[in-house]
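Let me give you the structure first, and then I'll get to my questions.
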Amino acid sequence: MGKSLINIALFGLGRIGQMHAENLFKHKSFNLRCIYDIDKKKIQKLSKVYNCDGIKNPIIAFKDKSIDVILIATSTSTHLRFLTQAVKYKKIVFCEKPLDLNLKKIDKCKKLIQKYNPKIQLGFNRRYDPNHNGLKKFLKKGKIGRLEKIIITSRDPAPPSFQYLKKSGGIFKDMMIHDFDLARFYLDDKDEFNTVFATGSNMQNRTFDRLKDFELATCVLKSKKGVQCIITNSRHCSFGYDQRVELFGNKGMLISGNKKENDIETYNSKSTNNKSLLMNFFVERYWEAYKNQLDDLSKMKNEKFKPLAGFEDGRISILLAEKAIISTKSKKFEKIK
Amino acid sequence: MGKSLINIALFGLGRIGQMHAENLFKHKSFNLRCIYDIDKKKIQKLSKVYNCDGIKNPIIAFKDKSIDVILIATSTSTHLRFLTQAVKYKKIVFCEKPLDLNLKKIDKCKKLIQKYNPKIQLGFNRRYDPNHNGLKKFLKKGKIGRLEKIIITSRDPAPPSFQYLKKSGGIFKDMMIHDFDLARFYLDDKDEFNTVFATGSNMQNRTFDRLKDFELATCVLKSKKGVQCIITNSRHCSFGYDQRVELFGNKGMLISGNKKENDIETYNSKSTNNKSLLMNFFVERYWEAYKNQLDDLSKMKNEKFKPLAGFEDGRISILLAEKAIISTKSKKFEKIK
Amino acid sequence: MGKSLINIALFGLGRIGQMHAENLFKHKSFNLRCIYDIDKKKIQKLSKVYNCDGIKNPIIAFKDKSIDVILIATSTSTHLRFLTQAVKYKKIVFCEKPLDLNLKKIDKCKKLIQKYNPKIQLGFNRRYDPNHNGLKKFLKKGKIGRLEKIIITSRDPAPPSFQYLKKSGGIFKDMMIHDFDLARFYLDDKDEFNTVFATGSNMQNRTFDRLKDFELATCVLKSKKGVQCIITNSRHCSFGYDQRVELFGNKGMLISGNKKENDIETYNSKSTNNKSLLMNFFVERYWEAYKNQLDDLSKMKNEKFKPLAGFEDGRISILLAEKAIISTKSKKFEKIK
Amino acid sequence: MGKSLINIALFGLGRIGQMHAENLFKHKSFNLRCIYDIDKKKIQKLSKVYNCDGIKNPIIAFKDKSIDVILIATSTSTHLRFLTQAVKYKKIVFCEKPLDLNLKKIDKCKKLIQKYNPKIQLGFNRRYDPNHNGLKKFLKKGKIGRLEKIIITSRDPAPPSFQYLKKSGGIFKDMMIHDFDLARFYLDDKDEFNTVFATGSNMQNRTFDRLKDFELATCVLKSKKGVQCIITNSRHCSFGYDQRVELFGNKGMLISGNKKENDIETYNSKSTNNKSLLMNFFVERYWEAYKNQLDDLSKMKNEKFKPLAGFEDGRISILLAEKAIISTKSKKFEKIK
C-alpha cells in the first residue's frame, strides 16, 4: 500500500488549510508529508498532530522529488507565486480560490506556465457537492430538457471581520466567485456567459460603505445560447448558510436545496413543520464536497485525468467578477471580452 | 333549468345541518325546499336565510310528492326512525353518520327496509376528500402494487363538550368510526376486516374517566387477505386537526397529508420551514369533501348509480366499533362475526 | 337583504369576464344586474344563465342610476374609455389589468378623471391571494425585520395563442406587470422602485422572435431604500403554473410557495415524495384571490374605504414595464422618472 | 497522545464487524489492537488492512492486560459466552444486539456476571442517531409536553437470505427489537411498557410461511403511565430503508424522518417535488449513529459513565420480543412480567 500513496505538501494552515490537513490525514490515497505556514508555531504544533514534517521554507517541498502534489491554501496574494514555482518543479497543484484578485496577473501567469503543461486543480468545492453536482448529472441525462435558467441563492450566516473584508476583494471576487463558477459548471461545453449585469446595496452595516463594498448583491448573466442566470448574495442570513440552486429547463426543473443541522420536525400550538437552522457554514455544509475534491486530486497523477475545475475556471470566474464590479458602476449590461 | 332541480328536505339544523343548508343552497342541482328541526326558532330564522319552507312536522316532507330527497342531520337517536319513514315514502335518503349507536337496532332496520329497495347515501365525507379519495384512485391504478398496510392518524383539535361526549357513544363509535370506514374504502372489493384489537388511554382529562371513555385510542385491524390496518386517534391536538392516511404496498407508498391554514413558510434565527397550524376542524378541512358528497347525492335519481358509502357501510362501521370496544375489555384480537 | 345588495354591471364576457360573472352571481353582496359584450350571442346565452339583463349598449348601464358598480373586463384597448365614462357617471369602477398598454394615454386619463374624485379598484388579483397577502401581513408584523430582497418567480404553463400575443403588449406589459405590482405591494409605504434592469431571451419558440417579444424574461429592480427585487418569468412551464414569492429580511425569510392539484405524495422504486403537478392556471390557482377581490369591491361604497390596488397602481405597473422594455434595448439600469 | 489510546479487540468480521473495524481504525481514541473471527482468511487479510494482530483464539485478547475493551460482533449464539468471559477478565464490553435469542439464557448470564460489576454497552445504534436522539432531547426540554404516543415505522429494503432468516429468531427478535429498544428510550425514567399486542402477516414471500416467520408485523405497547406505542415493520420496502419516529404529546409533535440518497428535487411534466430514494440500508443510514456509539464506548473507562444502552436494555428488548411472539399466537394483549 505504502508505495502507491501520493505524497503531498500543504501550504497554509488557516481555517481552510487545517480542514485540508485533517481530510488529507484521513484520506486513503494521500500521505501528508510536510506542512508550511508563515506562522512557525502553527507548523510546530500541527506537524505533531499530523505526524509530518514542518518546513520553514517552501523551497524544501519543491525540491523534494518524492513530493507529488502541492496544496496551496495560503493567503490569496501568494497563490500565483507558489503555483508558478510548483509548476516549474513539475508538481501537481491544488490551489484554493481565488487564483488572485487581479486578472492581469492571472493572465500573465497563464502565459508563463503554459509551456510546462501544468496539472492544476482549483478549489471550487461546490462542483463536488453531491447535490449541486447531482444537478449536473441530471441535466446531462436530459431530465429537464434544454437548460434555460440558472438561479443561485448564496447567503453567508454573518459578515467576516473588517480585517478579512479589507483584503477580500469585495463581495463579487470573494463570495459570488463561487456562484459564477457553479453557474458556468451547468452550461453546455460549448456555451459561455457573454454579458453580465450587477448591482449591490448596503442597508444595514456601514462597514461595507466604508470599504466601498456591498452587503447585498444581485447579478444577471446571459450566455451565448440565451441561458439566463440570476445570482443573489447576502453577507448575513439569520437562519444559517443559505445555499440553493434551481435549474429550469423546457422540460422541467431541478432544485438543490439547503442542508439542515438535523432533520427533526416540530409541531406545536403556534406552528407546524418547524425544522432546525441551516448548517452554519462552509466547513459543515460542504464537508462531503471537500472530501470528493480530494478524491479528484488523488487521480491527477493519471496523465489524462481532468479535475472538475482547473486554472482556466479560476481565471474566468475572476473575469466575471471584474465585469460585475464594472457593471455596478457603469450600470450597464457589460460584455465579457 | 328549474325542472331538473332535485327538491330536498333537510332535517336537523345543528352545526353540520347548517353547513349542509349552505352547501345545498349554493348547489346547482338542488332546490332546498324545506327544513325541519326540533328548535322552532332555528326553523324560522333559517327558512328566511335560505328562502325555503320551515316545517313543524317531518311528515309534511314525507307526504310531499315533489320532494325527492330527505337529508337527515338530526341527533343520532332519530336517524333510523327518519330513515325508515323516508324509505317507506320512496324518498332518496342521505343520512349522517353514525346510523345509530346500537348495532341490533341497525340490523332490525336493515331487515325492515330491505323490501323497499332503498336508495341511501351515508355521510362518510372522508371518502369524498380529493386527497383521501385520490389515494383510492392511485391504488386502483396499481401505483403501489398490492396493498399491505393502511395507517390512519386522526386527531381532533380539542375534546367536545361534556354534554356531547355523554351521548356520543364513545371515541370508537363517534370518532374512529370515520377511520374504520375510510380503512374499508381502501380494501379490495372482495376483502373485509375480520379481526380487530383496540386499546385506549386517558392521561390528561379526567372527564373521560368519568364517562368510561378514552381520550387516546389505538386500533389494529387485519383483513381476510392479510392487510394490516393501524388507526390512532386523539381527542386533542395542539397544532390543529391532524388527518393523515398512509397506504403501503409491495411497490410503493402513498401519503395523503394534512391541510394547513395557509402555505407560507417562515425562516428565522430560531428555526426554518415553519408553517401555519393545520386547518382547525372538519368544516374547514373537509369543505371540498362535503361539496363532492352532495354531487354524488345529486346523481342518485339515476337508478343504477351507487354512492361511495351506503347503509351497509354505516352498519359495518358500527360493527367494527362495537368489536373494538369489546376488545378494550377482553384485551383480545376480536373476530368480526 | 335585497335592499343592501350592490347592483353591478359587467362589461366583457371573455374567459376572465365569465369567471367574474360566476363569482358575482354567487357573491352575497352583489346583484349582477346586467352584462355587456361585443358578442351578442354571448350576451344572450349568459344573461339567461345568470338571470340578468343583456344590454347591447354600455350607455344603458351608465345611465341606469340603480347601478352602483361597473366591472370592466373587456379588451385592453377599451379599458380607459369605459373607465372614464363610468367615472363621469359617478360609478364605482373595477377595471381589469392593464389599464392600457400606452403610458401617455393613462397619464392623460389620470388628469381627466381627477376632478371626479374617482373610486377605482384595479384587478391585481395577486394582492388578494391568501398566501401572497399573508406575506405582507407577516412583513408588517416584523417577522423578518427590515425587508431587503423580493424574489418573484412566475411561469405560465404554456404560451398564449399568436392572436393573443400580437395584442398583448409583450411579456413585460402582459405578464410581468402582475409581478411588478406584487413587488411594489411589499415595499414600505414611503418606498418606491427607482431603477430597473431587464433582459429577455427566446430559446425555443420562434413566434416570439417574429413578434419581437420574449419567452423568458428577467428583471432586477432597486428601490430608493435599497431593496433589491428579482423577477423571473417564463411563458412555458412543463409542471404547471409556477407562482412563488420569497421575501428576505435581516431577521428572516418568508416563502409563499406553489399550489398543487392535490396533496398526495407517492413513493416508489424510482423516487420518493412525488407530488402532483401545480394547479394549471390563474382561474384555479387564484380562485380565492378573485373572491377576496370582490369582497373588497363590495366595500367601496364606503366613502373612506381604499382597495388594495387602485388606478395609480395600474399606472405605475405600466411605467415599470415601459422602462423594463427600454432597458432590454439600452442594456442599462434605467431610472424610473 | 499514544498513551491515552484505548486498546480494543474486535471479535467478528462479518458485515457489521468490518464496519466497526473501519470506524475504530479512524477513531481518535481507539487503537485497534487485535481482531478475531472463525474465518482465518478474513483475519489474515484484515489484520493487514488495519495494521493489527490477527488472533486465532479469543483467549489471547482476554489474557492481554493491555487490552481495555472487547467488541463482540460475532454470531448471536456466541454473544453471551464471549461477554461473560470478557466480564470475568475485567474488560469493558461492547456487544452487538441481540444479547441472545433466549431470554432464559440472558437471565442466567445476568445473575452470573452481576458480582463483577460489569461495564457493558449494547449495540442499539439508533439511540445514537442524531435525529432519533434529538427527539429525546427535545422531549426532555418539554417541547411537546407530556409524551402520549410513540409511532415507529421501520422497513427494510429487502428480506435477508434464507440462511440468515433461519437463524434470525424471527422478525420480532431480529428486526423489531431495535424499535422496542428505541420506544423504551423515549419513556420517562420511571415508566416501562407493561403490555404488548402483536400480529403478523405474510402476503408475498412464501419463505416466511415456511419459517413460521412474518414479512409484515405490527405491535401495540402500552406503558404503566398510559403511553401508547405503535410499531410497524416490513421486510421489504420498494423505496429504500424506511425509518421514521413520531412522538405525540399534549403540547405538540416531533418527527424524525427519513434520510435520502441526495436532496435534489425534480419537477417535470408528470410530477413535482420528486426526491431520491431513501438511503439503502443501516450502514449508510446510521453511519453517524455508529460513530457516536463508539464515542460513548470511548468514555466507558470513566467509572461513572453510563452508555445510552446497556445489558438490561438488551434483556428487556428480548423480553418484549418474546411477549410479542406469544401475543401473535394467543391473540391477546400480553402482560410484561
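Letters A, B, C and D mark the chains in the order given here, with residues in each chain numbered from 1 onward.
The rule we apply is simple: a residue touches a chain if its C-beta (ideal position, glycine included) is under 8 Å from a C-beta of that chain, and two chains touch if they have at least 3 such contacts.
These numbers were taken from a predicted model, which means no experiment stands behind them.
> Validating interface symmetry: for the copies chain C and chain D, is the fraction of residue numbers used by both over half? Same or different.
Mostly same residues: over half of the interface numbers shared.
> With chain centres defined as mean CA positions, report which chain is farthest from chain C.
Ranked by distance of C-alpha centres from chain C, the top chain is D.
> Just give me the whole-number Å value for how far the CA centre of chain A lies from that of chain D.
Spacing between the chain centres: roughly 40 Å.
> For chain C and chain D, let me know how many angstrom lie between their CA-based centres, rounded off.
For chain C versus chain D, the centre distance works out to 58 Å.
> Quick check: how many Å separate the C-alpha centres of chain A and chain C?
The answer is 42 Å.
> Which positions in chain B are in touch with at least two other chains?
Each of 238-239, 251-253, 265-269 in chain B touches at least two other chains.
> Given the complex with chain C, which residues does chain D contribute to the contact?
So the residues of chain D touching chain C come out as 238-240, 258, 260, 265-278.
> Could you list, by residue number, the parts of chain C that touch chain A in their complex?
So the residues of chain C in touch with chain A come to 145-146, 148-149, 151, 153, 155, 195, 197, 199, 201-204, 216, 218, 220, 222, 225-228, 230, 232, 234, 236, 238-239, 242, 248, 250-253, 331-333.
> In their complex, what parts of chain A are in touch with chain D?
26, 130-131, 134-135, 138, 143-144, 251-257, 259, 262-269
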